[in-house]
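Alright, structures below, take your time with them.
Below are two complexes that have chain A in common, paired first with chain B and then with chain C.
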Partner chain A sequence: MEFLYYFDEVFEPIALMLLIGGTIGGLILGATPGLSPTMAVALLIPFTFHLEPAQGLILLGAAYTSTVAGGAVSAILLRIPGAPANIATAIDGYEMARRGRGALALQLSFLSSAVGGVIGVLLLIFLTPVLARWALAFGPSHLFWLAILGVTIIGTLGSGSIVKGLLSGCIGFWLSTIGFDDILGVQRFVFHPVVSGGVNIIPALIGLFAIPQVITIFAKGRGRTDLEVARVASHPIGAAIGELSQRPRALAIGTVTGAIIGLIPGVGGQIAGLVAYDQTKKFSRNPESFGKGEPDGVIAAEAANNAMVGPSLAPLLTLSIPGSPTAAVLLGGLLIHGIFPGSDLFERHPEVAWTFINSMLLGQILMLVFGLYIAGAAARVAQAPQQVMAAIVLALAVFGAYSVQHSMGDVYVMAFLGVAMYFLERFGYSAAPIVLGLILGPIAEANFVQGAMIANASVGLANYFFSGWLNLTLIAIVLLSIMFPLVRQLRFGGTVGAAKI
Partner chain B sequence: MTCIQRLLPSAIIAAVGVWVAYISYTQEPADAFLFPRLIAAGFVMLAVWDLACNLLGASVPAPGMDATAALNLAPGMLVLLIYIFWGAKALGFYTATTIAVLTIQLLYDPAPRHLFRAWGRRCLITATFVAVMYGLFAKLLGVYTPKEFFH
Partner chain C sequence: MMRWIFGIMLAVTGMLSLVAAAMADDAYPERPVLLMVSYGAGGATDFQARIVTLAAGEEDMLAQPIAIVNKPGAGGRVGWNWFATEAEADGYTLAAYNIPHFVAQSIKGGVQYSADSFEPIANWGADPAVFVVGKDSAFNSMSDVITFAKENPGKLTFSGAGLFVGHHIAALQIEKAAGVKMAYIPTKGGGAAAMKAVIAGDVLAGVNNLSDAFRAREAGDVKILGVADLERNDFLPDVPTMMEQGLDVDNASVNFRGVMAPKGTPQAIIDKLAATLPKMFEHKNVVKRMKAGGSPMHIMTREEVQAMWAKRQETLSELLKGL
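For the complex of A and B:
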């Protein structure tokens, strides 16, 4: 119950203000199609430089939580998921809105998001100390394999093509080695002076997530893209609570599915929402009503994608392994404040870790309160002209990348990576494994070099990295994470995920 | 997606992979390139596999680029590149941002270009946005940018 000691930190005026600001901003950003939670968090990082680490994380955590929930607004009212995590919500949410039950759909989505989110954060609270104690058993070889695992899971599950996903991970690893070698101080792969100090994580994150979105809007051209918002009639919140209480099965399936999927590194909210939707449909007495405005579909999907948020941070805070691309961006936010997550995070910086987690708990409640009141306004923001969004995101990306080190070189690196990523995405490569490789590269290298030194002085390299039950288990999971999707792809000839529902 | 579209990105990535491998295995001191060598081996192997899949037409289909999208994005991309690689430093961040934001709106706004009201809206959005950015970065966060506003 250590977390209770740090609860008052969340109620300090600045922290509370940031929490409220992050929640409202996140809801609006989440409702805006094309602005993903990962991009929103990446663009917010430069604003946290001048804040205390805990305050910065409160802002990022609030934005993460509420962008996922805010994505439901455009999914329900516009049939455009604000984020990939809201794809399943759009199926029945929009149908409900079309039949004049939009207010109920929005209320159910925020209520189930809050229930799922609170349970997810409680899981994070009770799981992290256990995981942290368990992580103490990890040596350099285990941490090396864990870093590799983080990239292989996101590379294979998060991409359409397994080879391209893994290749993207390799590109990320390579980018992380550019610049000075930490141990011998030798310059590596410095093909231009702007990368002589290495590729800074924050400009790279901004470039990889924000610039492709901007260019995607450019590629749509001048065509009128005004969106029609489904009309929302007022609906009493008490009735929505009553409706939710009559549907405990969908809520339970969504929450449990989301929490379990959140713990698996790299799987993410999109899969959580879709799997929960699918399971709820299978266990429903009226499976034929799904897709025709069934409230259970909205409840399960939203409970799942918010229940996933808390557990997805557990591997990040205890093992430095981000569970999702957004968690990878949060890791970048931690690192720039000089905070290195790991087994001893809760001993070295308990006030930062617990304040952050507590703020996420309170953030779920705030998200519910504000979500119910500003859903209509958020939907109007979602109608903002795309060309305005592109111009704003581009300028924010430039200012954000520059403000990291006051260096034009960072802006050039951001732009280069962003433009390259747009084209790479068009040809099937994805940003998430590159980001994971870039962030986990230094962790993998440091532990590989440290492990090699220990191995050379003792049992030898092969023995050190390929023996012991923990090493072998991790290697088996790495191989499984590659082989399972590969076999699935060869067998079914398709990709894992959304397309089937 | 045409064959060239499939092959070109894979070939470029394979070339980068080979270059990374070449540097990793030839540069000294070898200890500094221990990890890059490990990556390079996987990088080249996967890049060759990807290239082979594309050559044989066995790769997972990707959206690719079509002529319409290329033509649509070309003016915006030009503004983006000029803004970042020249404007921001030569004109100052705020002046360059003002021009870039207005130009992007002008290029991609579906409203007719001769419409006075549309011009008013674009200018208002640009002025408000740049004022917010100035207040946020220059005043609140204290980020000094090249040439600031009108220097």
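For the complex of A and C:
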């Protein structure tokens, strides 16, 4: 309960101003395509030079939490996920917005973000030492199996057909091999210098999700009567809270999955939302409504990606190991003030450490308040004529892809993937498994190669990857994850039909 | 007639632009200067580049701010390829260099640059590689490590941040000096991932940055057995160098960081930058923040850097031969 003693620091005038500024700024940056939480925090670091350590961290903490949540705005309204964390939000959120339920989708996303986020930070407060040890338990072999676990959801994600889902995943895997291989230092599939650094995940995300939508709208032509203009049903916040309280299952699965997965260094933040989405779908009573504007999908994804924020900082704060790119940037923000994270951080600099954590707690509440406030206004975006929207989305897509590393090459990659995805979508493939493959490919590969190198120098390959309780548990979950849908199909509907496979 | 007029116009334009160029050199810089960092935002190079350029805007420095642009990818190759082939040599686009990384990469091949593609300006930092083991490890000195490696050839796993970076060079030098074969495990995700592997016990040991190892030791997570540099470091006065422990390992793996310009930048601009930047790195705010962050500084002038680059080229060509 020690953290309560440091709450007054957060309420000092300057601190509170920074907190509010960081939250609003974070929401806007998060909603801007291409500006990921990592970049938002990195952009803010120079501002913290002139602040007290605790104040600087308040700003960074608030910005981190709110950019993750802000990414949902563009995912829902424009189908441009702000960062990998928001991919799953785009799947059902955009469908809801298209059906005029954008306001509800935004409200649900901010509400579940806040619930997940607060629980995540509370976990960080009470369980930091335990969480940090748990994060260390994951070595190369475990991360490999974890990536394979991620692969198992590829088949069921988004696409109607398992084979097409798996094929999409393979495309993603292939895309991820382009560029220089960091471990062995060789070039692969580099036909043009534009991709010598590999396919950057953010431009790929924008291209795969936003561009097919834009082309579809343009292809319909002007003056056609069947252009859908979504009528935005305004939605009272009270009703949104009611809606959320009727869906505790999605909220719980999202929060728990996000908190557990967020903890694992190097993997967490990117796939927490997608895994939570998939689990919720599997446990849902009507899984077929997912992908067609199911509120549960938005709730699970957003609860997960904010629940992951707190636990993902545990290894940083106690072991000085940044578990995610954003945590690495935060480490810079700490170091610049001469604060070295470590197991005695909470003894040596309690005021800084606790103020930082408290600001994230309060930041969640502020994020909810401002988020709900803009949700009503932002949802009207969907009311704009579709051709106008398409033009705006296209401009934002180019801007977002360029701004990642100031490179036109990324814009070309974005455009190419986008056009290719348009045709793939017409044949029933979907973008989410491709992106998941793109994210998981390097994790699976790097950890397998590393694990194999360690194994060959020590206990041998089979021993290394197939022994130990953590390996065996993960393998068991992988097998269950594959068997579950199969068993269900066999039991309920023997006749799936060729179209579905 | 038209041809005459056209010719005269061309000549006048040419002369004007020459004059303008000469004047531009005097007035340089008239607008903010870009500094390209070929690693991601938040990494050690990016972090330090942001600190050392803090004072650029002051009147007696450049009187213009320096903005950082990140072009990460492929261990720095993407950024340096871009810098060597596409950056304009007008003094408004500079880059951060990492030695031995880019020299080692250019020797290994597959990139569009070499040490001759760039003009060094000044060096700001030097982060030596150190040898670390987990806090409960049985190894207490480099000789313990070498003894184990001799008895178990190829079995001693040790991590480092990738191939053809300072850590890898240090690893090769240690193996060569001791005449042993060990298992170097390059990690993806830089020094942090390599350090995590040591702390978590995924590997028996590791090569890492002095600054990161120093922090990890402060946190009580690792032991530092040796520094791969010519002398002991101020941050770690109690840790002996490799040479003191009988291993012939020099400072070829020390990660030098500094600023460079593309080949072809006007000499007047290079001279101005070379005179100003070391002063800028010595600014009291810069020194204070670098020290606070545990980042060892090592300021070198253009001439010193040129000599250092030439020496690295030689040592690394020898070391990487046959790899």
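Here is the rule we go by: the second predicted complex is superposed on the first by the 269 of 501 C-alpha atoms of A that agree within 3 Å, B and C clash if a C-alpha of one lies under 4 Å from a C-alpha of the other, contacts with A are read in each partner's own complex, and residues count from 1 in each chain.
Everything below uses one rule, namely that a residue touches a chain if its C-beta (ideal position, glycine included) is under 8 Å from a C-beta of that chain, and two chains touch if they have at least 3 such contacts.
Keep in mind the model is a prediction, meaning the values are calculated, not measured.
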Q.
Going by the contact rule set out at the top, does A:214 touch chain B (first), chain C (second), both, or neither?
A. first
Q. When the two structures are overlaid on chain A, which partner does A:482 contact: first (chain B), second (chain C), both, or neither?
A. neither
Q) Of the two partner chains, chain B (first) and chain C (second), which one does A:406 touch, if any: first, second, both, or neither? A) both
Q. Can A:332 be said to touch chain B (first), chain C (second), both, or neither?
A. second
Q) What is the contact status of A:321 with respect to chain B (first) and chain C (second): first, second, both, or neither? A) second
Q) So, does A:183 touch the first partner chain B, the second partner chain C, both, or neither? A) both
Q) Looking at the overlay, does A:424 come into contact with chain B only (first), chain C only (second), both, or neither? A) first
Q) Now for A:174: first (chain B), second (chain C), both, or neither, which partner does it touch? A) first
Q) Does chain B (first) or chain C (second) touch A:136, or do both, or does neither? A) second
Q | chain B and chain C contact sites that coincide on chain A, given as residue numbers | A | 46, 49, 183-184, 186, 406
(Q) Using the touch definition from the top, list the residues of chain B that touch chain A in their complex. (A) 1, 5-6, 9-10, 13, 16-17, 20, 23, 27, 29, 31-36, 38-40, 42-43, 46-47, 49-50, 53, 59-65, 68-73, 75-77, 80-81, 83-85, 88-89, 93, 97, 100-101, 104-105, 107-110, 125, 129, 133, 136-137, 141-146
Q | chain A contact footprint on chain C (complex, rising order) | A | 40-43, 46-47, 50-51, 54, 69-75, 77-78, 81-82, 85, 108, 110, 112, 154-157, 162-164, 183, 185-189, 192-193, 195-197, 199-203, 215-216, 218-221, 289, 291-295
Q | In the complex, chain A residues that touch chain B | A | 46-47, 49-50, 160-161, 163-164, 166-167, 170-171, 173-174, 177, 181, 183-184, 186, 188-189, 211, 214-215, 217-225, 385-388, 390-392, 394-396, 398-399, 402-403, 406, 408, 411-412, 415, 419, 423-424, 426-429, 444-445, 448-449, 452, 489, 495
Q: Within their complex, state which residues of chain A touch chain C.
A: 38-39, 41-42, 45-46, 49, 136-140, 179-180, 182-187, 193, 196-198, 200, 265-266, 315, 319-322, 325-326, 328-329, 331-332, 335-338, 340-344, 405-407, 442, 446, 450, 453-454, 456-458
